[in-house]
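Here chain A shows up in two complexes: once beside chain B, once beside chain C.
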Partner chain A sequence: MRHQTLVSAVVVSVVIAIAMAATSSVAGQSAPLEKPRAVAKAVAPTKAYAPPKTPDGQPDLQGFWTNSTYVPLERPNNVTKEFYTKEEAEAAMKRAAERESEQTEPGTTADVHYDFTQFGLDRSQSTFATSFRTSQVYDPPDGKVPPMTAEGQKRVQERNAARKTAGGQYDDVKNMPIGSRCIIMGGAGPPLQNAGYNANYQIVQGAGYVMILTEMIHDARIIPIDNRPAPPSGVRQWTGISRGHYEGNTLVVETTNFNGKNPFRNGSENMKVIERFTRVADDAIEYKFTIDDPSTWTRAWSAELPLVKTGGPIFEFACHESNFGIANILAGAREDEKKAAGQKKGSSN
Partner chain B sequence: MPNRSLIATSAALLMAAGVSMAQAPQTPAPARPAAAPAYRAPRTADGKPNLNGIWQAMNSANWDLEAHSAAPSPIKEFGTTGAIPGGSGVVDGGTIPYLPDALKKKKENQANRLKLDPEVKCYLPGVPRAIYMPYPFQILQSTKHIMMLHEYAGAVRTVYMTDQTEAPADSWMGWSNGKWEGETLVVDTKGFNDLSWFDRSGNFHSDALHVVERFTPRSADTLNYEATIEDSKTFSRPWKISMPLYRHVEPNAQIMEFRCVEFVEDLLYGHLRKQPTSK
Partner chain C sequence: MRMKLVAASVGVCVLLGASHAWAHHAFAAEFDVNKPLTLKGSLVKWDMVNPHSWFHVNVKGPDGKVVEWLVEGGSPNQLIRMGVTKTTVPIGTELTIEGYQSKDGTNKAVGRNFVLADGKRLFLGGSAGSVSDPSKIK
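Right after this comes the complex of A and B.
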């Protein structure tokens, strides 16, 4: 009984860790890889497409979208071109899907609860976006995030050192990943990132504003598009502060004023994110972002990932309210410490 | 004199119903927002009353929906900064019509507020509490969806204007379907769990809660807000709250991030630290 509980706790924390990292390796159950229920059409920008307009004349980006995709942020080492052929893209997707549905990770039991492919609505069972791109990063042209500056590297070292002095991950809730703590999850960004599961968004446009709701932890980004001045530098937020404007049919959103507690790929709090949303088909938005952070990277870099239409609506994701994981994991760690202390005492007798 | 004739009509109706004027309530009913001089709101591009904006209640309903006197802070160290301001109440008729057992539970809730109030733990506020918490919220209006975007805990509600369905599951913020009745946005919300409260005084509900809200523009920068609350497991009859909401008119008004989970982690998990901060 005790063993069983421990195993479940480990599996849950593994799943949470995976959700955070949004990696492609997932502990799964022995269900065979099923065909995705719906695979949205590849995003193929059509020059002729004229996006619909909202009643007040904004290019209409509204609806429910997902950026769930198998396209990795950085180009795989053995790939040298920017785009796959159709056959290559399908093969790469199949390989990634197989990795995702592969059963247990070594050392875990096959009979796991809350398995992604069963309950997580991961890419094997929900809409996901396909693209011929070999990587989301397209600038620099090698498809890799550019090298870090000396200052950026130093910051990474300092962050790692601070993490070490703070103690073990399960010593304190503050040492645990912010997704596990239900503060913010990877998908919200900015930039929007494929969150591994529930990578769903709702866009609503009203007079003077665009709102992007990320399903995970009901994160609503409210973007004014009324040319108001830049926010004062004293206000710092987890997801920064966004200002938007339209360039033709493209919504351009600039976000600054990050608080540095949720650094995107170890960026600084002075990072500026520029996102560009262009409706290129009834069921697709071209989503590009540029990261401008000279104190972290030797040059600005840009990436593109597809946003495709998905069936709504979005349900409430009350994460913190049901976060039994944190208390259970911490209590388990304290229990282990007690047990270890007891054994030490016993062995010294 | 339409007023005169209204009174005469009412009197006639009362007499006809066999009720003598002497038995009629002595205090006149409070003026209904509906009776306020009709205000016609500006229209959105799709022709609907324009409720877009950042709004906030200006009352002490979040402390107690019912009338209450000022009181000291429940935490001594906060001094005056944590004191409770008095309020005349926002419940029509003054009292929430609890069933006897529910009233007992309300009193227990109130006595153990710091331990039990979901707001203390940064939990989602529920409805209608989200509307009159001491934080602004933004209404963002589109034809299909009207968003209620709350600063507190980043709580969000989508009001479905066209693609309406039954609540798919119980939730903290419920499942809202909306419609326009003249100048008024009417929002019908069901599918609640039984975990949220109405205020810091332990007023509560069950999962049978059904809330019908009415947002009616009353001037360029104010709305009338009414919520009718129905929950046969908790209350003996439906009851109603009403209050004005005020627009944030400052040009740099915006909903700020208030990610309060981080603020309550020590409170909720501090005792599980390797070196506990508290017992």
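Right after this comes the complex of A and C.
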């Protein structure tokens, strides 16, 4: 870790994130966590980190970053505190890495997959961020996403009913999940979410704009920072429409105008996402987000996800062009139908 | 890493590997859990394409006839970042692939395990050196 300063208790929990390269073939091995500095909770910063500036004076957030982490969004049920100790954090990370590389039972559905470890796709083989946080959600203080409103629950039921009306998942390509169809995946956000693998981002800042490129699956969010108003409510996009501004060294991005086709945790198209990016070290950005969607959740809620420096470049993820899985899946479904029809015919004879 | 090879023909195909569920689509919809198989052959082509790479393998059948199989594997992006290239697994490499055949009965399979001639698992990630280091990109 190159940064040596303490900023605040919350910052400390993120700053401990270590951009590490675990090259071992054994999942779960990783660089040890830095000695915890959460004890500095009440300590005022002695020397705040001063981020470099871009030529036009923005706090420099540029570079390649990853939010790959074993910290879960919600706090595990058996955990009641906001931060682990160093030993607890290491143990939790080790358990998660071991689960990720566990063996599957031959002949089971879960086994029908290529081995992720062989292809370097389990998180511990890549740069990933560590944190003492027990959950990404820090508000509400219980570390859980708040309960859904009655309206939110009704919307979920209606969405499920609409899916059933449309037929089986493999009846039509349009019934398949949008990730499978290479339209968009969860990591793009907003909010930025850990995509599991290839969880990488590139931030580029130009005069008046910030661009966030998401590797999975090659989505670029272009954010004006010139205080222009949000567009009319009729203009809607998959990743919403973002507007940014700076509060000190923090980039604050507000996103509205979602099209509702890619709902984050079943949120509504009227969801507002407020993201805060603060460079807290050469190799770490504190990334926080708040979800404000009164028609879905009983209160606004906030989370913090480590974002640490990783290597570039980001390679194009030309998902759609080589998505042979779609055709294979549909062909497989038709084959299943033929078999089922044959069995039905056989049993009626 | 535990691993055992057992002929699929006897219906006991012990396939051991990672169980992680991160994927961009459900593989059990594409491949048949009731059609486990073991393929032995030589690599003729590796399509390093997203979202999933495809290994083309020439497999000699019991009748001596060589048939090309397509075997689905992982996304190349992470591998490239680790320094893996198309030539990391040279054409002609002898592979034993344990997996499941496609539901439509064509010569396609998902590669549960890729095993080299010396019995070692093909381990692309760990064999490639440090990650997130641009200098590793060849």
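Descriptive notes on the structure:
Note that the second predicted complex is superposed on the first by the 285 of 349 C-alpha atoms of A that agree within 3 Å, B and C clash if a C-alpha of one lies under 4 Å from a C-alpha of the other, contacts with A are read in each partner's own complex, and residues count from 1 in each chain.
By our rule, a residue touches a chain if its C-beta (ideal position, glycine included) is under 8 Å from a C-beta of that chain, and two chains touch if they have at least 3 such contacts.
Everything numeric in this text was worked out from a predicted model, so none of it was measured.
With both structures placed on the common chain, the touch criterion links A:204 to chain B but leaves chain C unconnected.
In the superposition on chain A, A:237 contacts chain B only, with no contact to chain C. When the two complexes are overlaid on their common chain A, residue A:215 makes contact with chain C while staying clear of chain B.
By the touch criterion stated above, A:98 is placed in contact with neither chain B nor chain C. More residues of chain A lie in contact with C than with the other chain of the pair chain B and chain C.
When both complexes are overlaid on chain A, the residue A:185 reaches chain C alone and has no touch with chain B.
In the superposition on chain A, A:313 contacts both chain B and chain C.
Of the two partner chains placed around the shared chain by superposition, chain C is the only one that A:325 touches, whereas chain B remains out of contact.
When both complexes are overlaid on chain A, the residue A:90 reaches neither chain B nor chain C.
In the overlay built on the shared chain, the residue A:158 is in contact with neither chain B nor chain C. Touched by chain B in one complex and by chain C in the other are residues 182, 217, 312-313, 315, 318, 321, 326, 331, 333-334 of chain A.
Contact residues on chain A toward chain C in their complex (touch as defined above): 19, 21-25, 27, 66, 100-104, 106-122, 125-127, 169-170, 176-177, 179-180, 182, 185, 196-198, 215, 217, 310-313, 315, 317-319, 321-326, 328-329, 331-336.
Residue ranges on chain B touching chain A, taken from their complex, read 44-46, 50, 52, 118, 122-124, 138, 140-145, 147, 149, 154-156, 158, 160, 163, 165, 168-169, 171-173, 195, 251-252, 254-257, 259, 261-262, 265, 268-269, 272-275. Interface residues of chain C, counted against chain A in their complex, comprise 1-2, 13-33, 36, 47, 49-52, 54, 72-75, 77-82, 84, 99-100, 102-105, 108, 110-114, 121-126, 128-134.
By the touch criterion stated above, chain A contacts chain B in their complex at residues 54-57, 62, 167-168, 171-174, 181-184, 202, 204-209, 211, 213, 217-220, 222, 224, 228-229, 235, 237-239, 312-316, 318, 320-321, 326-327, 330-331, 333-334, 337.
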